[in-house]
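We just call them A, B, C and D in the order they show up, numbering each chain from 1.
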Amino acid sequence: MTPQLLVFFVLAALAVIGALSLMLQKHPIHSALSLIVVMVALAGLYLLMGAEFVAAVQIIVYGGAIMVLFVFVIMLLNAGVEEHSNFSKLAGYAGVPLGIALTGFIAAAIARSTVSVQAATPGASIASTGDISRMLFKEFVYPFELTSFLILVAIMGALVLAQREK
Amino acid sequence: MQTPILDCLWIIPLLPLLGGAINGLFGKNWPNKMVNTVAVGSTGLSFLVALEAVREFFAQGQQLVRKEYFDWILAGDFRVGFDLQMDQLTVVMLLVVTGVGWLIHIYSAGYMAHEGGYYRFFSYLNLFMFFMLILVLAANYVLLFVGWEGVGLSSYLLIGFYFLKKSASDAGKKAFIVNRIGDFGFMLGMFLLFRTFHTLDFDALFKAVATQNATTEVWGQFGIFTVACLLLFMGACGKSAQLPLYIWLPDAMEGPTPVSALIHAATMVTAGVYVVARSHILFTHSETAMVVVAIVGCATAFFAATIGLVQTDIKRVLAYSTVSQLGYMFLACGVGAFSAGIFHLMTHAFFKALLFLAAGSVIHAMGGEQDMRKMGGLSKKIKWTFGTMLTATMAIAGIPFFAGFFSKDAILLSAFTSPGGHPLYAIGLLTALLTAFYMFRLIFLTFHGQPRYDEHKVHVHESPWTMLGPLVILAVLSVIGGWFALPAFFQGPDYFANFLAPIFGGEQHAELVGGMSPHFLELTLAGVAVASALIGLGVAYWFYVKTPSKPEQLAKSLKPIYTTLLNKYYVDELYAAIIVKPLVWISQQVLWQAVDVAVIDGTVNGVADTLTGVGDGVRHTQSGNTRSYAVWVVVGAIVVIAVIFFWPGAKPVIGAFQGLHLQTLMEKVRP
Amino acid sequence: MVPAIYYVVLSAILFGLGVIAFIFKRNIISIFMSIELMLNAVNLAFVAFSQSQGNLDGQIFVLFVIIVAAAEAAVGLGIIILIARNRQSLNVERVDLLKL
Amino acid sequence: MIDSLTTFLNAHAFLIITIVKIALLLFIVLTVNAYLTWFERKMVAHIQSRWGPHRVGPHGLLQPLADGAKFLLKEDPTPAGVDKFVYYLAPLLALTLALTSLAVIPFGPDPIRVLGHDIYLSITPPDLNIGLLVLFAITALSVYGVALAGWSSNSKYPLLGGLRSSAQMISYELSMTLSVVGVLLMANSFNLSKIIMAQAAHPERGIFGWNIWPQLIGFFCFFTAAVAETNRVPFDLPEAESELVAGFHTEYASFKFAMFFIAEYTSMITVSCLCTIMFFGGWLSPFPASWHFAFYLPSLILIPFGLWVIWDGIRYETIWGRVILPGIGTAIALIGIALVVFPQVNDYIQAPFWFLAKVFAFLFFYVWMRGTLPRLRYDQLMSFGWKLLLPLSIANVIVTSFIILLRSPK
């Protein structure tokens, strides 16, 4: 039981609990908070793996921007406790089992197909921010530019959607 | 040595293009003065530049100048570059085009002053200049074809300049479509040439021809040269209004008169002659082609002349005379006297432009009236116009020491001396007679006799100097334009022929005919030609000045012939019957009813109906409830995973997928 | 040292939970959040693989995923606001104009 | 017994040292917070030509203690129908994050050796490669404290305050993060110590080697955005008492309110530290290394100050004052003298002295602004953030990177 393993299990437990409460909480704010918990836990896991930059970005962007937007919208719309309607019989009965089945399938697929991963031991290399930025701006420069364009489009889309028609 | 302009020939066509672009883009709300400053200025500038270029051309010893500016098309061993070249032939064409074009621009500035769409007119005109210069300067067939199509386009635009007039727009379309037929042939010719010689550059192509298979194809042998030349000649026929594709030119008179002068008399229509002369090496390698060219030219000359006899619209008379003069040029080319053809091309450019401009001035004076029967007695009222027009008429009729005399004489001579050329010569002579006749008929009808118009309505007035200036200059040119050949009459050298000799080689009418010395023969033939011209003049005088009643009697007595001529041999009707009608029928009955309605629409609608049916069945899964959709998504995901990972049959699929794992994707996105 | 398989399995579990939440929730915002949860799970797997393979492509992908998620959130929340404004309800089962 | 203890200590030295450091830092920070309130009230009072607190203790020096007692003892009502969990979570979140952000601040360069252990003057190890990123991550999260507080109070003014503040923080976070990119480019690292050392590249330049000169615009953007992030005047709209009673913490009383209060002041300190580190050379002395008298500057400042306090205390009106103030004065003066006597201590003091001096200057600036500037209107705030600060900081990034590109050897 190395300290890393301990930390891993703590964080993993935190993440799973967060995910569960995201699912079980009735009020969207609580779901949002639990999702934030998941994200912070994941950031911790990234740090544990030595992916510092990704961890930081995970918190700054996901925690600090995206989830803030969610909370903001929830506050804005003053969304109350969600109503427990059940119009979709299909989802009501088949939903959860199917989800579990999917999880099982994925897990099984991983178990079958990631023999190489099992052997490898991560976290050995610390991914310095410099390397990442070098890759980002040298080899992935086109996708990077594309994403900036995507963001631009998204901004415009959000504007168009959110303005009240005169 | 320094040859700045020769190094960048592209300036010459660029200037008119700029002028056209500026006028077309910004000229809409400009005052006329500004517009014609731009247009005339750009053309004049390119004229001056052309002069400088010619000077340098002479200065550097008349060597062929060939500049490759950039590659336009590169495909395999097929290279078409934006290459311009300059040799003696180009020099002649260049000077004619820019010079006459400039004069006509100046003239138009006055003539179009009261028309709408001033800027439009001038931007088209400059555009035309651009394409014409490209055509003349091009160093390969493809670039030449660009100019070729371009002048076609601008002629279409300018013929249909008064597009509100149905006849005008129809005429434009007619010109365009008829030219298409010719261009089709022209393209085929180009393809054939490329397939044979793997190049379309004049230089390389002609060198190749001259060096390798120099075997001339005899009469009736249809080898590469014959076919290619005939195809090229088909294009030339379309552009230069030869039989059977001449029909568009008379109608093209719907355009403004300066346009008729520039495009449909001086420059564009001579493009066909230019092409034939340019590719003379090919033609001389095929007797058949030469004969065909000669016959077609001769026939057209005579045919058009006959129609010209009876036309009453002043511009149409000129149009038919243009057709027949072009026939002359082709006749010259056909009998191998290319330099004579080009010579006539040049002189014709002068006097025919002059004729049209003068006619324009007349129409201007008559306030838009074009029917000669409603004119008469104008000689005193518009002296300058009369004088210049008379000069031009003499020139075209072949009165001695006017430009037309020398060129026409050279053509007839070479026709006579060419083997088996006597019938050609005879018809040419007859045509000369007819030409003299109908031209003087025009003069007499227009300027002499009693005014046949309402003098109170029409206030005849001389045109402004912007119009008369060009007339005078052109008059001078159409007098002295032919004096290159003057020394030839006194045993001296024929300067024009010698100048073009590097291209066409020396003319070969040196052999003795019937014991006469060539020079004596030349003088004799000249005398005969002059005689015929004088006869034509006399007859015209007799008919239209002495006894004006004569023509009607004649027309009555020869009713069938007269009406046939009047209706231009019913050629248009003929075409309509054998070509247009069937086409219309096919496109309506077969293409529209059968193919379009039945097949295409049927398919489309059928597909649509099928889809509607299917959708009707499937739409019941659309519960509209997002959560159910989510469940379906999950089911799909499960199936996909199950298939990929747990169904052995899907191994090849996975193999296909393993091809594009992350790494290769990276390779794709990496710059 | 933690074997990468642990991370991968964890990400699978989180993904599954995300899917179940996606089906299970009625509030459109919560559904959106469960999508984000799935994205996070995938990111975890990405980082784990990239660390175990020892090349950074995975992390770059994570960055891209985060960017896309941001864009998606911007537009998606805009749409949600519109829905709430027009239908006075955030329950997806009440937003069923698409049914036949 | 003793040696077993020492072995235990040696075994878990890092852990214990860290814990001790944390405790120490917490104590210092909280005390500083308390006296910051006193300082602020005094300054603002003098700016408005009032006396400010001076009943409790000499010059009101014991006022903070009284306030603290009040916070602890006051009744703590919870409004009806609030979301309990979030309601309690919010202030906790705010305080925790504010305090955590101090962890990465390095107060001095070289470690102090105690019992054979290097003790760095920062809680995180000095080779933390993403120090600044961590800071930004924490500031990014600190929005939740305010927003959740506003929402969970189940009352309209707090809700408005919460909405305002979250909008404001999101808006200004952008320009804050962008405005430091220039500094990062120049230092070529996220590590705070490296950033400071990059400014010491030319020790002979002294103050002119600091980032403030090339990064003047960056500093302007950063400081403005930071003030907005900490919801201070003139950007204190979330708690604009004239419009929203007290904004997001209207419904909070006694100690929960104190948490927000402490959180705000702590973030003030953090921001001041950040400004010092990134633009004002952190712990570097403003004088060129060659000026040796600078070495004795701390004592030169401390001794006269101590003497002044003594002199001021002797003629103070209350008995307490005449006893306490001279005591404090002598203590300060003695410290100054001690620094002169023991130069090796003075070595350790230099860096923290300058660092704290600069931080104090910034805190003073904060208070000064509060006493001087009026509050912006909300739309002004937004347009200022989006239309002025953001473009300005982006331009700063571009220009800086260009210059660096031009300067860099091929």
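Points to keep in mind about this one:
Everything that follows uses one rule, which is that a contact is a pair of C-beta atoms (placed from the backbone, for glycine too) under 8 Å apart; a residue touches a chain by one contact, two chains touch by 3 or more.
As the structure is a prediction and not an experimental result, all values here were calculated from the model.
The chains in contact with chain C as well as with chain D are A. Pairwise, the chains sharing the most contacting C-beta pairs are A-C. Between the Cα centres of chain A and chain D there is a gap of 32 Å. The distance from the centre of chain B to the centre of chain D, each centre being the mean of the chain's C-alpha atoms, comes to 86 Å. The geometric centre of chain B is 69 Å away from that of chain C, both derived from CA atoms. Centre-to-centre separation between chain A and chain B, using Cα means, comes to 72 Å. Under the contact definition stated at the top, the residues of chain C that touch 2 or more other chains are 19, 22-23, 26, 57, 93, 96.
Contact of a single residue of chain D with at least two other chains is seen at no position. Across the assembly, chain A contributes 53, 65, 69, 74, 76, 87-88, 91, 95, 98-99, 102, 106, 140, 143 as residues in contact with two or more other chains.
Remark: the chains found to touch one another pair up as A-B, A-C, A-D, B-C. Looking at the complex, you find that chain B touches chain A at residues 623, 625, 627-628, 630-631, 634-635, 637-638, 641-642, 644-646, 666, 669-671. Those residues of chain A that touch chain B in the shared complex are 87-88, 90-91, 94-95, 98-99, 101-102, 105-106, 108-109, 112-113, 138-143.
Residues 1-10, 12-27, 29-30, 32-34, 36-37, 40, 43-44, 47-54, 56-57, 59-60, 62-64, 66-75, 77-82, 84, 90-91, 93-94, 96 of chain C touch chain A in their complex. Chain A contributes residues 27, 29-30, 33, 36, 43, 52-53, 55-56, 59-60, 63-65, 68-69, 71-72, 74-76, 126, 128-129 to its touches with chain D in the complex.
Those residues of chain A that touch chain C in the complex are listed here as 2, 4-5, 8, 12, 15-16, 19-20, 22-23, 28, 31-32, 35, 38-39, 42, 45-46, 48-51, 53-54, 57-58, 61-62, 65-66, 69-70, 73-74, 76-77, 79, 82-88, 91, 95-96, 98-100, 102-104, 106-107, 110, 114, 117-118, 120-125, 127, 131-132, 135-136, 140, 143, 147, 150-151, 153-155, 157-158, 160-162.
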